[in-house]
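Heads up, the next two complexes both have chain A, just with different partners, chain B and then chain C.
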Partner chain A sequence: MLRLPKFNLVSPKSIDEVVQALADSKGRGRILAGGTDLLPNLKHEFIEADIVVSLGEVDELRGIEVSADGGLSIGPLTSLADIASNEHVLRIAPALAQAAGTVAGPQHRIMGTIGGNVMLDTRCQWINQSHFWRSSLGFCLKKDGTACHVVEGGSRCVAAASNDTAAALASLGASLDFQNAPTEHGDGKRTLEFEALFKADGAWNKKVTPTELLTRIHIPATPRGHRGGYVKLRLRGSIDFPLLGVASRLDLDEAGKIEHADLVVIALQARPTRVRKAAKLLIGTTPGQANYDTAVAQVMDAAYKQCTPLPNIPGDHEWRQEMVPVYVKRALAAALG
Partner chain B sequence: MSSLIALELMINGDRMRVSAEAHWTLLELLRYEIGLTGSKQGCDKGDCGACTVLVDGKPQLSCLILAGTAPGKQIQTIEGLQPAHRKAGGTGLDPVQDAFDRCGALQCGFCQSGMMLSARALLNENPTPDRAEIREALSGNLCRCTGYTQIVEAVELAVAESVGAEPKTPSWAKDKPWTESLSSKKGGGDQ
Partner chain C sequence: MGARDQHGSGAPWGDDFRAVGKSLRKIEGLSKATGEAVYADDIVLPGMLHAKTLRSPHAHARIVSIDASKALALEGVHAVITGADLPTKYGVIPWTKDENALAVDKVRFIGDEVAAVAAVDEDTANAAVRLIEVEYEELYSYFEPEESLERHEPAIHEKNKHGNVSKHVELDFGDVDAAFASADVVLEDDFVFHGSTHAAIEPHCAVARTSADGLVTLWSSTQITHYVQREVSRVLGIPQSRLRVIQPVLGGAFGGKSDPFSLEFVVSKLALITGRPVKMLWTREEVFYAHRGRHPMNLRYKTGVTKDGQITGVDAKILIDGGSYSSFGLVTTYYSGQLLTGPYDFPSYRFNSTRVFTNKPPCGPKRGHGSVQPRFAFEIQLDELAEAIDMDPIELRRKNDIGESTKTVNGQRVTSNGFGRCLDEVERASEWKSRRGKLPMGAGLGVAGSMYISGTNYPIYPNDMPQAGIQLKVDRSGLVTAFTGGNDIGQGSSSVVRTILCEELGLDPLDVRVVAADTDLCPVDLGAYSSRVTFMVGNATIDACRKLRKLIVEAVAAKWEIDAKRVYLGTGEVFDTDERETKITTREAFEIAEAFHDTLGSTGAYNTPTLGGDYRGGSIGASPAYSFTAHVVEVDVDTETGMIDLKNVWVAHDCGRALNPMLVAGQMEGSAYMGIVEAVFENHRVNRFGLHSGPSLLDYPLATSVDTPELHALIVESIDPEGPYGGKEAGEGPLHPALPALSNAIFDAVGIRLRELPFTPGRVLAALREKAAADSQTGGTSC
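Moving on to the complex of A and B:
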């Protein structure tokens, strides 16, 4: 039995009320969306909260719309199950639909939200444990300690970004709207390019604070020949977080030649890893022809060299590295369907 | 810091006024305040699915829902499955419960209430799922005893009987007249 520590619960009805409640918490508030990440972490006592601000009644944070430019505007409170099955997401951003569809198990996808997956805390086999377990071993850099159990002598936490949808959103060039309570200096709103959200510190791998509210996810329009895929390495076919995740993007011209290519790998370190240089080898080749197959072999090799998993999450890290080229190949195949 | 908050919940079709602390989960409220212990407390961190309840008809993990966020939602626990079936004009057990019983789709029974609610939610949405769809729908519920075979076969039996089709012979009954024994047992659990 894992009890939650004591906190107060508030359930505001608008974005303005949420940001005010978070501002009033003086940094001791936490945002509750689907609860599938926040509540286990609170139970494990490596995050703390005096006030939990539930978004459940903030209807303006829900919904998937096609924006004026033909891209997507997604409310962060939209469930992962809805993202995975939405016709507009499947058409405009197939990699995101595939990634959302592989998150955890069916119940988690019904409860869990896209915003929650974007803001997911990093994971490590030494931190996602009970307080008792961690106190027996000795606390680590992520919370309450000064040692790293992954990298001996390490001074920076290397817990892994484990959000499946982050790889897809990075490949799609998404941007994120955040809101803080207004002050005399401004209205508290800002927009970040998706990759600018992350920093290489697993203790908190984001450049926004935990009390900054994600209010919208924007995905630019994708061209007619856009293809996207996401594949995930895990021990079981359900429930598990990724041991490795690869999102692929291929934009084809009318003749079927690749004009733009991208690969993003997740669950290596604290931020998503873009394998851009390797992906560029695919540009100018045509799937189905020999030049594409040659390029794919080169991309697999380059990705293997660039991606170096650490023993931070379960699964032998050397095996995870061996799986990088395999999953790069599968992600490209998933994009081409 | 936290104090009791008054909640009005809809549980198994009944309106209930209860009080809970802000940090209580729906599972804790169901089990330890209301006394509905059919929802099981397994891992308590969203891995196992034993605490699955239906929230507005969809399977969710009650160990990861704050009780204070449950008002306004229709919550169905395993205790409400048969009453809901009878209210809808049925007799005996819910067909999913009946099929689990006749297929022996349990050993220790700890996962069973979550399994049956996930199966019920699936059949409400898709009355004729194939085996792959059944396995996908049950993939958030762990069973450490059965190896899942009888569980999947139980859902297939419930599906086959709902459309009047001949149930498939299950893996464990190759040479036995299993459909006869099934029909003789049908309606069990009514006592």
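Moving on to the complex of A and C:
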């Protein structure tokens, strides 16, 4: 068995204590929620930590509530299994429930948290390997090396965002509360629109540091005619990370006509890929009518052109691209149930 | 083979079996379920050190120098060893010893072992490994077998006489060219079999301990205790009598633990150097490097049939990618040709097989050693021939069934044969006649058949001693203990021994103990490979039981003053068949026997008869009995994604008499699962740097329960004249047809022929597109 490197484990009881412990770690700390991503990464030694701050005892980070506006307020420590089966999530944000239900396998979803999936590190066939394995290649851009093995001569890491729930949360227009230790400049709190969290750098694809604590996930209310879906391409029916994931959103008016449409694709590059322009083709059409079917065919075509998977994660990337239109179609079908 | 080797196939006491044929729970089943079972890694000894291995980061390189001084200086490090400490080469096959426990002079693949450290704990050992400085001079690396065939410099093994060719075999039986001339249809095609690995759940682990007087004990997760003892003894220069090798409870092997491995030599050497017990547990990644899995093969097959479906001749040319060492490669090369000659009658046959070295993890035997790949190619070709002559594929197979009590074209003796019944069973259970060719687009059924050995008469190293030996101890307590060298690797060999003891001596299963695979305690058995255990250990057990039974019956008869023929001990009580009220318990009978004979015991043994064709290599693949299998696979192909949904596999397997139907069905289901998963999910390969593409159970996907088809085990019992009660193997044969039956089912489903493994969705889609293009040109569809 690969050994887990040694670190100091601290288990604070409040958000304030957590952010203080992280501040004290001076960048050498890491946050432990479910551990299903952090522990393998520590074993593979491309993430290093002197201090691991466990969130297990921070009860204020748990829970799913319906907020005053009819949206959702979700504690990031809520398990993926709970997200997948929660009645409010199923009603208000069905794409999120579906996405959470496809993450890894059943045991991972009991341990793994929604916050952990949002903050999941990028993945690549050249990085999620042991230290020995990576050393035999002279390492890579993401950690310890200067070369990219995906894009020869590439200077920016193209490891892929592989978090299923990110596609759904982006389609739902979620926002995220983060907290740092207070300083003389402020209380350390800030809120980011979901998509503003990500940047196109696989080495670290987020605009917050790894030691900034996600404290709340907000999902705005969805209209009565909201439909959402998430479909995931993977070889096995369980366990695997996405080879491609597509979240769809269709908001229908009372006559069943599409007022708002969105599609977000995950597992292509370092950040989720929004194919909004393509999705807009659906607006004004009515599912079940010919105009909708025509629009879907156009959307599939547009998504295929916009999405070009790289050989970053395992699997045949040419096949992954072929699957973009198929999974766009299936994501729309999943939304409509 | 003597009288001791044949015992008849009937019940030992009257007409009915008491234990044989019953689904008795596995002997170690509960202890595994509760966690009580002791695996190699559960062994913790006082003062034990932990060892780790430094591995080569280069695929092919000369070692210029190794400096271990910094590692040795690290606190907690007890010893560092390199190839210089273990210079003697070894290998499981006596003629191809080309491995060193730690590299001497050069490394041959990324992951090859270079040095080892013993330290107070695993973390210290790992840290020390990184402090060892090695200077390499990189050499040209071979990743494609075609290149190894053409190019011989630099040689991967400099002392090899044939460049980078590991083994070449050409054998010819009958006039193949004339056979093709007389055929109505001849098909010739190329097939590609990728690599796959065993992925046993337990990684390899070994623990060694020395005693003050120089005895060495080695616990290892091996399936070949005997060969490990021979090789470790030779390399370390310890007499075999002073090296005790023990196989603890094993978490699966599938052929992946049937070579002597580096860690066994290393922990023994480190224990001798440090005087402390030493353990080494491999990571999953290291298991992938050690590999010995299924060889990738490029296969070209040419087969002729007459229009009424008779096979006239078969011609095969096979290139085998061996990876970096020989392992069982000599046998693999023979098996790739020798094991194809049933269950169908070939009037003529020839094959030309070449195994080459490449700078990749070494290949070896995986469940269905050497014969799964040819079977894959040939059974697809048969399907195509059936289509070409417009004959049902089951009918074509039935027509060519070689039958029982016969000989194959390459001179292998076939005794019992239930292949025809296997075909009947899968045809019936899958509702073949009403469904094949008639399911909606995307859904299909495919069939394939196979034959496999129940052990071989080739004992790896030539000798005249028994291939299987067993010893029984019995005493006044009522307990019978069997000491067998047979390796129970989860397949149930110790359970088979217990069933036979229960049957022969009328015992309750709880009054039987089986001590297995401990070289100090158990007679020699060659180990768990080639599906030899049920047949050979089973026969040896019957032999020992009958000798013991004779002693007990003789003693009781003397006590009762009756003829020995009247003493019956098959039911848990011992009675006089003429006067039933004269009865005692089995335990009382043992008391009488112990008093009459003194301390009781017996031994049993088995050797194969002389078998095989009269030519060089003719005994390789010669088995005392062959098992037969037929599969029907049902699939659904998603024509949008190319993904294959495995629906059902009907597995009919002729195992002779099923000594324990539950264990037989388990082997059949496990085999079918393993085979079909290889075809769809697995791909053991290196990337463009020669580095394993993903040595973890995340990157090397095995089907989960949701991906696994419904597996239907249909046991067929052709009672073999020489098997234990007529039993034959069930552990490997039932794997073979899974892959070609799947390809054939995909053809039925969507009209494409997949001849290259694995059947990735991208490949399926490409074939569908090709077919659509061809159909649009001809204006028709063949589906």
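Going forward, the second predicted complex is superposed on the first by the 337 of 337 C-alpha atoms of A that agree within 3 Å, B and C clash if a C-alpha of one lies under 4 Å from a C-alpha of the other, contacts with A are read in each partner's own complex, and residues count from 1 in each chain.
As a working rule, a residue touches a chain if its C-beta (ideal position, glycine included) is under 8 Å from a C-beta of that chain, and two chains touch if they have at least 3 such contacts.
No experiment lies behind these values; they were computed from the predicted model shown.
A.B. asks: Could you look at A:209 and tell me whether it touches chain B, chain C, both or neither (first, second, both, neither)?
C.D. replies: Neither chain B nor chain C is touched by A:209.
A.B. asks: First (chain B), second (chain C), both or neither: which does A:14 touch?
C.D. replies: A:14 contacts neither chain B nor chain C.
A.B. asks: I'd like to know which partner A:238 touches here: chain B for first, chain C for second, both or neither.
C.D. replies: both
A.B. asks: Kindly classify A:294 by the partners it touches after superposition: chain B alone (first), chain C alone (second), both, or neither?
C.D. replies: Neither partner.
A.B. asks: Please work out whether A:1 is in contact with chain B alone, chain C alone, both, or neither, and reply first, second, both or neither.
C.D. replies: Touch status of A:1: both partners.
A.B. asks: State whether A:105 touches chain B only (first), chain C only (second), both chains, or neither.
C.D. replies: In the superposition, A:105 touches chain B and chain C alike.
A.B. asks: Tell me which partner A:323 touches in the superposition: chain B (first), chain C (second), both or neither.
C.D. replies: second
A.B. asks: Figure out whether A:191 sits in contact with chain B (first) or chain C (second), or with both, or with neither.
C.D. replies: neither
A.B. asks: Across the two complexes, what residues of chain A are contacted by chain B and by chain C?
C.D. replies: Shared contact residues on chain A (touching chain B in one complex, chain C in the other): 1-3, 6, 105, 237-239.
A.B. asks: Within the complex, which stretch of chain B touches chain A?
C.D. replies: 1-2, 5, 21-25, 41, 44-47, 49, 52, 58-61, 63-66, 68-69, 118, 136-137, 139-140, 142
A.B. asks: Give every residue of chain A touching chain C within the complex, in rising order.
C.D. replies: Touching chain C from chain A are residues 1-3, 6, 105, 125, 128-130, 132-133, 135-137, 233, 235-240, 314, 316, 318-319, 322-323, 326.
A.B. asks: Taking the touch rule as given, give the residues of chain A at its contact with chain B in the complex, in rising order.
C.D. replies: 1-9, 11, 32, 35-36, 39-40, 43-44, 50, 52, 54, 56, 104-108, 110-111, 237-239
A.B. asks: Touching chain A in the complex: which residues of chain C?
C.D. replies: Listed in rising order, the residues are 55, 57-58, 110, 122-123, 126, 203, 281, 283-285, 640-643, 681, 689, 691-696, 698-699, 701, 703-704, 706-707, 760-762, 765.
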